[in-house]
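Following this line, the structures themselves.
Below, chain A partners chain B and then partners chain C, in two separate complexes.
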Partner chain A sequence: MGTSGAGKSTLMSLLAGLDQPTTGSITLLDSTISAMDDEQRAKIRGESIGFVFQNFLLIPSLTALQNVTLPMVLRGNEDEESNNLKAKALLKEVGLAGRETHLPTQLSGGEQQRVALARAFVTQPKILFADEPTGNLDQKTAQHIIELLFAMNKEQGTTLVLVTHDAELAKRCQRTLIINDGQCQESA
Partner chain B sequence: MSLFSFLGTLEIGLIYGLVAIGVYLTFRILDFPDLTVDGSFTLGAAVTATLIVMGVNVFLATLIGTVAAACAGLVTAWLNLRFDILHLLASILTMTALYTINLRVMGKPNVALIMEPTILTPFEGIFGLPDMYMRVIFVGICAVVGALLVAWFLRTQYGLAMRAVGSNKRMAQANGIVVKEKVYAGLALSNGLVGLAGALFAQTNGFADSTMGIGTIVVGLAAVIIGQSLFASRSMYVIVLSCIVGSVLYRLAVSMALNADFLGFSASDLNLITAVLVALALIFPKLRNEWKAKRAARDEI
Partner chain C sequence: MKSNKMIINWSLREIWFGQLWPVMVALTLIIACVVALSTLALRVEKVMTEQGRTLLAADLVFRSSNPIPTSLIEKAEQAGLTVSSQSRFQTMAFSDVNMQLVTVKSVQTNYPLRGDLNLNNQNNEISHQVNPGELWISDRLLSLLDTKVGEVLAIGDAELSITGIIKDEPELAYNPFNSIPNLFIHENDLEKTGAVQVGSRVRYRLFINGDLTTLANLQNDYELQAGESWVDQNKESRAARLMDKAKQYLSLTILMVILMAAVTLILTCLHYARNRSETVSMLKSMGASRKWLRLWLTTQVLIMFAIAFVVGSASGLLLEFLLRLPLTDILPKELPSVGVQPFVFAIGVALCIGLPALLIPLNRLLDAPAINVIQQQQTTRYSKTSWWLLLLPITALIVFYGSNKLVWMVLIGLLVLFTLLAGLSYGLLTLLSRFKWKAAFSLALSRISRSPKNSMMQLAALSGSLMLVALIWLIKSDLLGDWQQTLSPDAPNVFAINISPEQQQGYLQQVDTLKLPHSDTFAIIRGRWTAINGVNNTEHPSYNEENIRILRREINFTWAKELPVYNEVVAGEWKGEKNVSIAQGVAEELGVVIGDKLTFEVNSQSFTATVNSIRAVEWQSLKPNFVFIFSEDVVENLPATWMLSFRAEESQTHLVNQLARLYPTVTLLDLRTMANKIQGLLRQISWSLTGLAALGVVGGVLLIFTLLRLSLSERKREITLYRTLGASKKRISHTLWAEYGLLAISAGLVAAIAAEIILYSLMTWGFELPTQLHPTMWLVLPLLAVLIVFVSLSSVIKQLLKPLR
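And then the complex of A and B:
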């Protein structure tokens, strides 16, 4: 948790190995990722990490279904039939059954974030990083997305690292860290 | 327009179809504006023509010309990825350097291939076809096979990763894609295709010239834009093949403009016609959307 500009997203990017620290070291899943090259870090992310971004970051030229199957294809699982079955089941779970062939531009913000949730969970990651996942959504849609996120997280037993500036949302997490002036401290 | 002139236009349009596919890969797939193609088109032609004159097998010469152009793409990617030089500037630097390199490769401003064997030689007189038809069929097959291979590639795991990189680097990174590797591969593939087009152009037209690549990027972009405005499709095969159709239509439009006596254009007006056609192709979709929005608003009222 932290105010806008406190460095929450930067910390998350560092923890996930998307960025490299100038000093210090980062250990993720028993590996010192700060000492790894691009390729090694990408491998760890591909195998064990999931992401949900504030801006959804779907591929505009791919349908909802293709966006969800993408992480599986990128992992080398090219069995289209089984990928589609898995992705359809997740899209149904997030309430998007029947919208599989829609492009991101044909979906609302909330629907796009639901596709992003399905994409994040489709590979059953060990850790899921969610960076202000409701930041671009209205309150009602945001509430729905959060309920989905926590439900899917519980179901899959994923470690969820959630970046937010919403104190109410933070209270639902087992552990809260607050970033202030570049310092990270455990919340009372 | 005479049949001879029409077939000549078709031939050039098909060859530039490969350029359009290369430009599509960088501009649309990788979101990397790459002007290297102005130099790599000539490099493909220069290397191939020089090797043919030296007596190297025409197929091997074409392959080496293509690989040399692909290397030019790698240099641009390296400047951008290793040293954070803006992609546009990195490509301009490579393009500028290639002008000198092309002169060095040829040892003079141009190389003639009039009496030399070319990639077309083995097919001369095949099935009793007159050469002017055979040439169009040959370059047409090259362009279509190239397009199908690229479309297939973009649907593979590697190709999807490349599309993800162009769509959003952050998301691609998050999904375990090594972004830099895909950019290197994309630029090499793009410039390789453009180099192949240059090699085919030199052999079908009988020369390689140090200035033949000027404006290649604009022609490639024009073809991509025309093709995509005419064929709005989600299919990768349709999208890539539309680059070739766009290229042929562009060439036909230019040829008709130059041949229409009442317009009074001469061959030296080619760049102006190109610029106007590209501007129209860019302006038209925007105006069409504005008209649609206005009509929808009027209908609501």
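And then the complex of A and C:
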């Protein structure tokens, strides 16, 4: 948790191996990712990490189903049938059964984020990073997305790293760190 | 394998739904244009070559002032070439009542090897060959000799009865002084005429047909002796120059269209790369390796090339067909086939332009950092490794256009001009923004000056395309204008020479009475040019050059009180005594300048005159023209005859014949048939060029269209922001119109300046034609730009301003 500009996103980028620290080292899932090059870090991300972004970041030219199966394809999981089966199940879980062939532009913001949730869980990641996942949604939709996120997280046993400035949301997490001006401290 | 299938699927969707389709449209356009233009160019060139050969009467002609060496004929026949020989000479022809100087062409039965020889006999039957014992004469000769078909003519010592009239013949004589009436006899009857003797002036020709390599080998193996020369379609003076320019124009048009398409391709591709960097970052965050991303992008590029090639080739052929429709009367029924060359060329061009245009931005796309999904980085370091791809088009240019002066002039001119002019107009627009304007204008101006790089790019692309469009059209008009001037509808077509001084006034009056439009009369003094500033011409470095004969041959001199109005004085001044005015081309070729003292010889009498002026002379104009015009005092005592030229229509043949009868000693050179033939040829070529130019212009306008729509769609986010901030629809649309209007007007002006400068250089150094300013263009280009902007943007702006959701 932290205010805007406190350094939440920077920390998350470092943790997820999206960025490199100038000094110090980062160990993620027993690997010193700060010593790895771009490609090695990408491999780790593909195998064990999932993301949910504030602005959904779906591929506009792919259908909902194709967006969900994409991480599997990137992993080299080429069994189309089983990928689709898995993706359909997840889409059903987020309440989008029957919308598989829709393009992102045909979906509302909340629906797009639900597709993004399905995409994040499809690879059963060990860690899921969510960057202000409800920042672009209205309150009601946001609530629904959060419920889904926590439910799926529980069900899949994923470690969820959530970045937010919403104290209510932070309370639902097992551990809260507060960042202020680049300094990190455990919340009381 | 399956992931490949997925990537292919995705790529297709990306092309269809994503921003890749403008890239593909540009690529398709390049291929379509190149296929269409090069197919047409190839066809037209083949037709032109065919026509050039028709004029020559063969694929290759060997000319000599001595009988054709038997060894050459044997060699040609052994190589499987078809040959036909001809000897021609001038002699007197006598009918019962009259006599006339004629050119006798003695030919073999298989003459001509190319082109049409149409002979019309007594019974009005057409034949195409000259057989032994036959005598064919021109219509005019028939009336000059006051005889008719079937009667006997004496040609030298031979007596032959006239078989019929020559309707059409190949081998046009371009030199009016050679155009003495023709007649054809068969080679077998040549000896009977007794005209060919030791010392008589006979010219020999060997016409040769066959495939190009064998012809070239024959030419290479034979060592030319004095007085011998080869003539092929490429060398034949005027027709060849004409076609040369037409060909240059074709390649220039193709190049310009390619340039325009390339600009669009680059811009659309940059646009795509900008829009996709977020996607790439996202894919990277999800663990996509560079290898996978490369595969993904490569598949897209391959699919685009494949689709563009198929669709482009098909539409290119269709385009060529449409372009050819108005030319059906002109082009022969059976078109020469073009083979695969245009397609190979098109794919080559597409690869040369497409690979760097696509791969450089796409390769940079690979460098989009994964962190961008969370935090947009201020600066990203992109690798520049793929810049070597630029070598591809550059190498191709050097290989294919290396020696083409025109192309390099256009390219370098473009580069220099655009940097200069885009900077200039941008400066001007920034300057304008310093003053107070209405809100819409000042907003527009500030937007232009706020993003200099973007505005400059847009300005350069817009004015560049406009300029190319203007160039394609103007060069065409200038070329055609020049050609048409060559043979304007009122150009003189009959020359009267050998008018004696006593006849001069009477003849002039007679031509006036017959109401034939005519030139002034000119004195003709035959003589030689012997020295420059006291140095004998035989010592001139150019004395022995094949193409410069003026130092060796007899020349027609004249004198004048005033220089002809159609000769523009380009240096010096026509006044004073003991002076001579020289034609510009000759002066430049031989390094003669104002003040040089030139020595001449007429009837072994030597005299000197000082060059006081240099005149621009258009030799093609068929008006009486002279290399040297003296002041009267220099030549007044020398023996002279007079000449004049006049215009006679086809229906006025009887007037021409009346003149001939009234003044039997005056020689009439009737160029009407020849002029008609050249005019026909010109008409055909100009049609092809107009078609090509139109295609180039349409292509250019289309590209500008795409470009503008693209640039506006990039503004979507900004416009949404303005709307959110409460700007009224009217305010936004006014600002947009003001911005693009200003851009269009300045681009139009920049294009006009650039086109004028490039056109001047092209015409002067490339086509070697006179130039003039094109004031209408200065008005038309900005207007055209505004019009295109209006047409292409109104729907986009309307769409952008739809109510916000």
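Just so it is clear, the second predicted complex is superposed on the first by the 188 of 188 C-alpha atoms of A that agree within 3 Å, B and C clash if a C-alpha of one lies under 4 Å from a C-alpha of the other, contacts with A are read in each partner's own complex, and residues count from 1 in each chain.
Following the convention adopted for this analysis, a contact is a pair of C-beta atoms (placed from the backbone, for glycine too) under 8 Å apart; a residue touches a chain by one contact, two chains touch by 3 or more.
Small disclaimer: the values here were computed from a predicted structure and weren't measured.
On the superposed chain A, the two partners chain B and chain C do not both fit; they clash.
By the touch criterion stated above, A:I145 is placed in contact with neither chain B nor chain C. Residue by residue along chain A, chain B and chain C are tallied for touches, and C comes out ahead. In the superposed model, A:L18 makes contact with both chain B and chain C. Contacts of A:M1 after superposition on the shared chain: neither chain B nor chain C is touched. Contacts of A:I59 after superposition: both chain B and chain C are touched.
In the overlay built on the shared chain, the residue A:V94 is in contact with neither chain B nor chain C.
Of the two partner chains placed by superposition, chain B and chain C are both touched by A:G46. Of the two partner chains placed by the overlay, chain B and chain C both lie in contact with A:P71.
Only one of the stretches 278-286, 440-448 or 530-538 belonging to chain C overlaps chain B in the superposed arrangement, and that stretch is 278-286. The intersection of chain A residues touching chain B with those touching chain C, taken from the two complexes, comprises 16, 18, 38-39, 42-47, 49, 51, 53, 57, 59-62, 70-71, 73-76, 78, 103. Chain A contributes residues 9-10, 12-13, 16, 18-19, 38-39, 42-47, 49-51, 53, 57, 59-62, 66, 70-71, 73-76, 78-80, 103, 131 to its touches with chain C in the complex.
Contact residues of chain B toward chain A in the complex are 157, 160-161, 163-164, 167-168, 170-171, 173-181, 234. Residues 1-3, 5-6, 10, 13-14, 16-18, 278-279, 282-290, 292, 369-371, 373-375 of chain C are the ones that touch chain A when the two sit in their complex. Those residues of chain A that touch chain B in the complex are listed here as 16, 18, 38-39, 42-47, 49, 51, 53, 57-63, 70-71, 73-76, 78, 103.
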